[in-house]
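Data first, discussion second: the structure below is written as C-alpha cells.
Chain naming follows the written order as A, B and C, and within any one chain the residues start at number 1.
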C-alpha cells in the first residue's frame, strides 16, 4: 500500500517536471463562421465551476470579444466576454457580472473565472492573481443539454453569429471543473505546474470539432 | 529507504496541498452604514505594528477609500487610506505619512503597513515589495480603548460615516502584529506561506461583527 | 521530549528567522548638504566592478538623481545616475553609458551595475533581471584615491552640491565587488539569499559617515 503511494507520488513529480505539448487554436481573422466545438466529459449541469484558458489577442478599442459560449436551445447558459470597454464579464442566463481588470493583449494571459451557487461568489483570476469577489446569482444552476463553442457568440442555438463579436487571436489550455479551485491551485496551473485535470473539459485529452477556418497548432508549455 | 521516500513525498504533497479556507469580506456597493467590526486579541496599546491585508477594489479616480480605521473616543489612532490621488497613507492621531506607490485595483494586492516608534520608520509593502522608509512620529504611542472597523471612516466614535469614503470591493486576511515583521516574512506571507499568526488580529480565528450589508464568503488560499 | 522540542524550535527559528538586520539610509528631503560617506575595504583601483544597492524613491518627472558618486580630486571616476528622462546611466571619467530600463519608484528596486574593462561589457540588473549589454570604455581603469558618497553629486572634491541632483528616498544594502558577478549570483542576492559579501563595500560591516540630515534606520531583510 505504502509502496503504491510512493510510486504514485514519484509518477506525479515526473509529470510536474516535464514540458507538455498542447494544442492551441489560432483564429487568424474576423469571421462569422469559424469556431471550435468542445465536447465535454460530462453534462454541464453545474452549481459551481472554474473555467480556465490561455488567451492572447490584438483586438483593441471598442470591440466585444466572445471568449467562451455555452448555449442551450433557449439560453446563454455561460458566456465569457471581453466587453466593449475592455472589462471582462460572464453571464449565466441573463444579466452578467463585470470585472474591471487589466486588458487582455497580445501576450498570453492565463485567465480563469469561477463561480459558486451556494455563496454566489464570482471571481476572475489573471496570471494567478485573484480579482475582488462579486456576489452573483446565488442559488442559480447552469443547465445541461447545450453546446460549448469558442470563436463565435451564438444568438440562437449554434447560429446567428456576428463577425464583430468573434474571437481573433489564440486560445489554448481550456479546462473546466465542476467546482471552485483553490487560489493556490490556480497559481500553480498559471506557473506551469500541471495541476488537477479538468473534469468538465480536459484540454490535454479534449475532443475538438473544427468548423470553418481555425488553425490548431501544437506548442510545448 | 523506499519507506522514507514515501514519507518524504507524502509530507511534500501535504505542504503543496495545504490550502487554507479563509473568510473574505465583500462590500458590494457604496454605503454609509455597512462595516465590519474586528475584535482584537489584545488591547491596541502599541509602540510598533505590522498591519497586513489582501485588498481588491474597482474604485478609481478622485476618491478617498478607507481601508482600516481604529478610533478611540477622541482620536483616529490608526487609519489606513487610499488618498484622493491614489497614494496610500496612514495616520496616527493627526498628520499622515504618504506613499506614492502603484495603484490598488480589481486584482488582489497583498498590502502591509509597518511602523516603529523608536526609529519612526514607516513602510508600505505591496505584493511583498517594500517601499522607501519614511521617518514618522518617532516616540509616539497608539492608545488602547477604541474599536477597529473595516468599511467606513468614523468621524466620531462608530459614527458620522461618509459614503464617499467607504470601502467598496473585497478585503480579507487582515492580520496585525505588535511589532515590525522582517521583509522576508512579509514576502513569505504574500507568496502564500502561512507565516506567524498575528498577535493583535489573526484572521484565521478572528471574531467579526457584521454591521449592515457585508457579504462574508469563504475562499481557499 | 524536551530535547526534541528544542531541536524542532532551533530548526524552525533557523529557517524563519534567517533574516538579517541591515542599515538603511533615509533621505527625507531635498538638500545640497546631506550625504553619506562610505569607507571602502580596499582602494578603488578597478578594471572591473559590480555595484549593487536597494533603492526606492518618489522622485519623478524631469529630475536627475545621483545614486552613487566616486570622485577623485579631478575626476568623476564612477557615478551612477537616474537621468532626466528616467534612464539609468553610469559614467567612468567622461561620457556615460545609458540604459532605457523601467523606472525606479517608491517600491524598492534591487539595482546592480557591472562593467569589465577587458571586454567593455556594461550591464544593469533590476530585481535580478539583466539588461542588454553595452560595450563601454574597453581598456579603461578606475583610479584610486577618491571618496565615495551617497546622496549628493560632487562637482568638485566633496563640494559644489546641487539640491536638484540630490537623492531623496531610501538606499540600503550597497555592496561592491572588484569583479563581475554571475547573473545567477545577482538573482540570488535579489531574492534574499545572502550571497558573497562585497570586497570593496560590504554593507553588513560598512563604516558609514553621516553628513547633514540622513536617518539611518535598521530593518530586517
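In this text, contacts are C-beta pairs under 8 Å (C-beta built on N, C-alpha and C of every residue); 3 or more make two chains touch, one makes a residue touch a chain.
These numbers come from a predicted model, not from an experiment.
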Among line, ring, star, complete and other, which best matches the way these chains touch?
-> line
How would you label the subunit B and subunit C contact, same or different, if same means the shared numbers make up over half of all numbers there?
-> different
Most centrally placed chain, judged by C-alpha centres | B
Subunit A and subunit C: spacing of chain centres that average the CA atoms, whole Å = 45
Just how far, in Å, is the C-alpha centre of subunit C from the one of subunit B?
-> 32
Got the subunit C residues that touch at least 2 other chains?
-> none
Contact residues on subunit C for subunit B in the complex?
-> 16-19, 24, 26, 28, 56-58, 60, 105-108, 169-170, 192, 215, 217-221
What residues of subunit B sit close enough to touch subunit C in their complex?
-> 99-102, 119-121, 123-124, 126, 129-135, 180-185, 187, 195-196
